[in-house]
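The first chain written gets the first letter, and so on, giving A, B, C and D; residue counts start at 1 in each chain.
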Amino acid sequence: MTTRALNLIVWNENIHETRDEKVIRIYPDGIHRVIADALQQLLSDSEVRTATLADPEHGLTEAALADTDVLLWWGHEAHDAVDDAVVQRVKTHVLGGMGLIVLHSGHWSKIFTSLLGTTATLRWRSSGDRELVWTATPSHPIADGVPNPIVIAEQEMYGEPFDIPTPDETIFMSSFSGGEVFRSGVTFTRGRGRIFYFSPGDQEYPVYHHPDIQRVIANGVEWAAPRSRTRDIPRLEGPVSPI
Amino acid sequence: MTTRALNLIVWNENIHETRDEKVIRIYPDGIHRVIADALQQLLSDSEVRTATLADPEHGLTEAALADTDVLLWWGHEAHDAVDDAVVQRVKTHVLGGMGLIVLHSGHWSKIFTSLLGTTATLRWRSSGDRELVWTATPSHPIADGVPNPIVIAEQEMYGEPFDIPTPDETIFMSSFSGGEVFRSGVTFTRGRGRIFYFSPGDQEYPVYHHPDIQRVIANGVEWAAPRSRTRDIPRLEGPVSPI
Amino acid sequence: MTTRALNLIVWNENIHETRDEKVIRIYPDGIHRVIADALQQLLSDSEVRTATLADPEHGLTEAALADTDVLLWWGHEAHDAVDDAVVQRVKTHVLGGMGLIVLHSGHWSKIFTSLLGTTATLRWRSSGDRELVWTATPSHPIADGVPNPIVIAEQEMYGEPFDIPTPDETIFMSSFSGGEVFRSGVTFTRGRGRIFYFSPGDQEYPVYHHPDIQRVIANGVEWAAPRSRTRDIPRLEGPVSPI
Amino acid sequence: MTTRALNLIVWNENIHETRDEKVIRIYPDGIHRVIADALQQLLSDSEVRTATLADPEHGLTEAALADTDVLLWWGHEAHDAVDDAVVQRVKTHVLGGMGLIVLHSGHWSKIFTSLLGTTATLRWRSSGDRELVWTATPSHPIADGVPNPIVIAEQEMYGEPFDIPTPDETIFMSSFSGGEVFRSGVTFTRGRGRIFYFSPGDQEYPVYHHPDIQRVIANGVEWAAPRSRTRDIPRLEGPVSPI
């Protein structure tokens, strides 16, 4: 695991938190604030910034991304409002080495589906299921320091089939009290970038206040961080000479 | 999928069925008989044989294996009683192309662990959990023709972490009423041989009488069958000339 | 392998063959014609159609795709001229189950990169290298019936690093007389669709006249063909009831 | 990457170096001595020990392994002379988390084939081929700091097909002047243990004196090192209570 100080951006569309009383009670300063505070505490050397949909260029300017090791993404009802040019910019940075953590309903974000190529659809139900997050790969650093299983008292259900390419690693698998199962923590590599998708977390439940969930996200950030901040975007090389 | 007639052997240690009243009531002629009858019906062109631990060379002579497309394996309490030379013989045939279906407690058989290299350990509980077998990869031929999920009213629980190498494909994932999850249908390729592990099925529950479970096993047989019965065992080649 | 009659479309941008004397001499009726004729002969029950960039909707209307089992794609200098709406339509069919064979310089087509999510860049040199196409996975049906290695006397060099996600299977690996190596035959699954990328073949060399190359492409078509022509596009399901 | 001090054992059968004049000239103190010296220099905080076939218990006692983070393995003509009990002991430590680096002809060692389950056979020729070691996965830490390709002036050829399970990652692919290709750097995870196989290196060529090869091996050691020295051997858990 890296020991250098990391620069992070926690991105949130921040729509529910401005409109929905129930969500505001759980996340009065936004989901991004709770996650950013947790990361600042757990990864104390890091510089943790936040950005939202309403910011100019969604807060994801070229300068901001060039200075970022890992970007965390939360979105739900405004995926379509994210500017295509910004998505392309983020994608270029991921392919060049920036880490990406995609959270919960971010499975349908433009950035996630454009990196995976599939629909990322799933089954769902929001009726307060208990979620048990089981560690399937105990040797993985993302699973360090959390109980097996993590118990989430109330949570939205996400269920299989989950239309994703075969992940590099399936670290967590969840069950729900309604009987469903889900690959809740999976990793992908695209270009030079490492991607971690982690499904627990929703605007209607206080999941991001859960210390084990915070620990997993912090572990994911450390895992996804590149060894240097220099981007190395894969590029066509040729014509090249024989060796 | 192959359309040629297949030669199959259903292997069973056949210990519980000779001693345990409860098991005898469920499988009076042995687990192997129920599976063989189902395969004969579903794959009507096939020639389905059975073999057990008590047979000479466990019924797995060189001649028998050479004439077999797919071997199915059920064992539980007598794994150690299986002769090492027979295990090595079976392994050689798998590496040369013979398909292998490993069922339930066969996860701890010598043949399975020697092909995978890991311990294949897991969590377990036999207290009549309901198992839901979810299809995670709907495009796979092994999942053809079964509901999502398959519902098994009562079954032994097998739970993660399941110590196996990353499978080629995770076709089924199960939940149990006690809250656990398990990769219940996974595939591997070793040498020229295709391997399908399928966990539902136990001596104390009538799982192998379940038509959906029978369908999955028949699908697995068709998927694992080699394109020809000629074994092609990988061998060192050299010294070879430059091209 | 399927035994039902397959409907195929061989798609070609067909630009070089209308402008470049050297290419016209090798492929007077277009690369698509040579591939289509080979497939018609090797898969005699199939209905093999062709389509090109110049056709209305590039010949890839909804009706045409709905009636197609496997689409083959060759493009090189006009990737940008392919209409985004048609690319999205093709992608939807692939995710719903249509097979896709991407050939040579099609690595940079919109359809391939949008399904993979990476840049698909590589190293290259067009100076008549000898290519040796080695079978790394002899058990795979796509490698049936071809020598190891396939020898291509003159060919454009494509070299690693090839910026693709980890393939499901690496069937062929090539060396070039200049010393490079390349994963020349790889498979991916996206949604319900099977994808085979095969790099040998170029407009400046008669590679598609090579019988072993034709055999591999025909094998790839059979492997990628879905079990039925019904598309099954992954879709969000919810809210669903507990089981 | 870990920054704690690592305990390493470089194991060598050390047979050629006691008998063969040509080998003695290249490796007068044994292959293990050259590798150990390089690791001591590149990973200066580490404690690097060596062990050979002739040592009591081959130098791989329970106490020695319990104190080891990563074991490196070189063997060639005496694979059969390695005691089965020692192999089982090493395997248990790998499954419990100890890293393992398998070098060159170690592909046929008992420890490697018992962890993989396949034959690990390949094509070969020892006639001074030039080997080019290409990085296929530039983002991987094992590829840090080496040119692409690494040029080895003279080396034994190892060629595909290489009978191994699908690796987790294919980091290096080599070409040889005779035209062959080989997956020369691949990783596997078995249990809690990380395994890196790296093919360059032979007793008849001075490959282990090559600084780029030394760098790759040191990178591999850092990658394979567990996060703690505590072994965590996967074990059956049950019967367990419902959650």
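In the analysis below, a residue touches a chain if its C-beta (ideal position, glycine included) is under 8 Å from a C-beta of that chain, and two chains touch if they have at least 3 such contacts.
Predicted model, so just to flag it, every value in this text is computed and none were measured.
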- Task: Hop across touching chains from chain A and tell me the fewest hops that reach chain C.
- Result: 1
- Item | Winner on C-beta contact pairs when B-D is weighed against A-B | B-D
- Is it true that over half of the residue numbers where chain A touches chain D are used by both copies, so same, or is it different? same
- Query: Using the average of all C-alpha atoms in each chain as its centre, how far is it in Å between chain A and chain B?
  - Reply: 37
- Query: How far is the middle of chain B from the middle of chain D, if each middle is the mean of its Cα atoms, in Å?
  - Reply: 33
- Task: Identify all positions of chain A at which a residue touches two or more other chains, and write them in rising order.
- Result: 132, 138, 149, 159, 161, 166, 168, 177, 179-180, 189, 191, 234, 243
- Task: Quick one: which bits of chain D touch chain C in the complex? Just the residue numbers, please.
- Result: 130, 132, 134-138, 148-149, 159-162, 166, 169-170, 173-177, 179-181, 183
- Task: Give every residue of chain D touching chain B within the complex, in rising order.
- Result: 95, 114-119, 121-127, 129, 159, 161, 163, 165-166, 168, 177-180, 188-191, 233-243
- Message: Could you list, by residue number, the parts of chain C that touch chain B in their complex?
- Response: 1-3, 97, 132, 138-139, 141, 144, 149, 151, 168, 189, 191-194, 226-227, 232, 234, 243
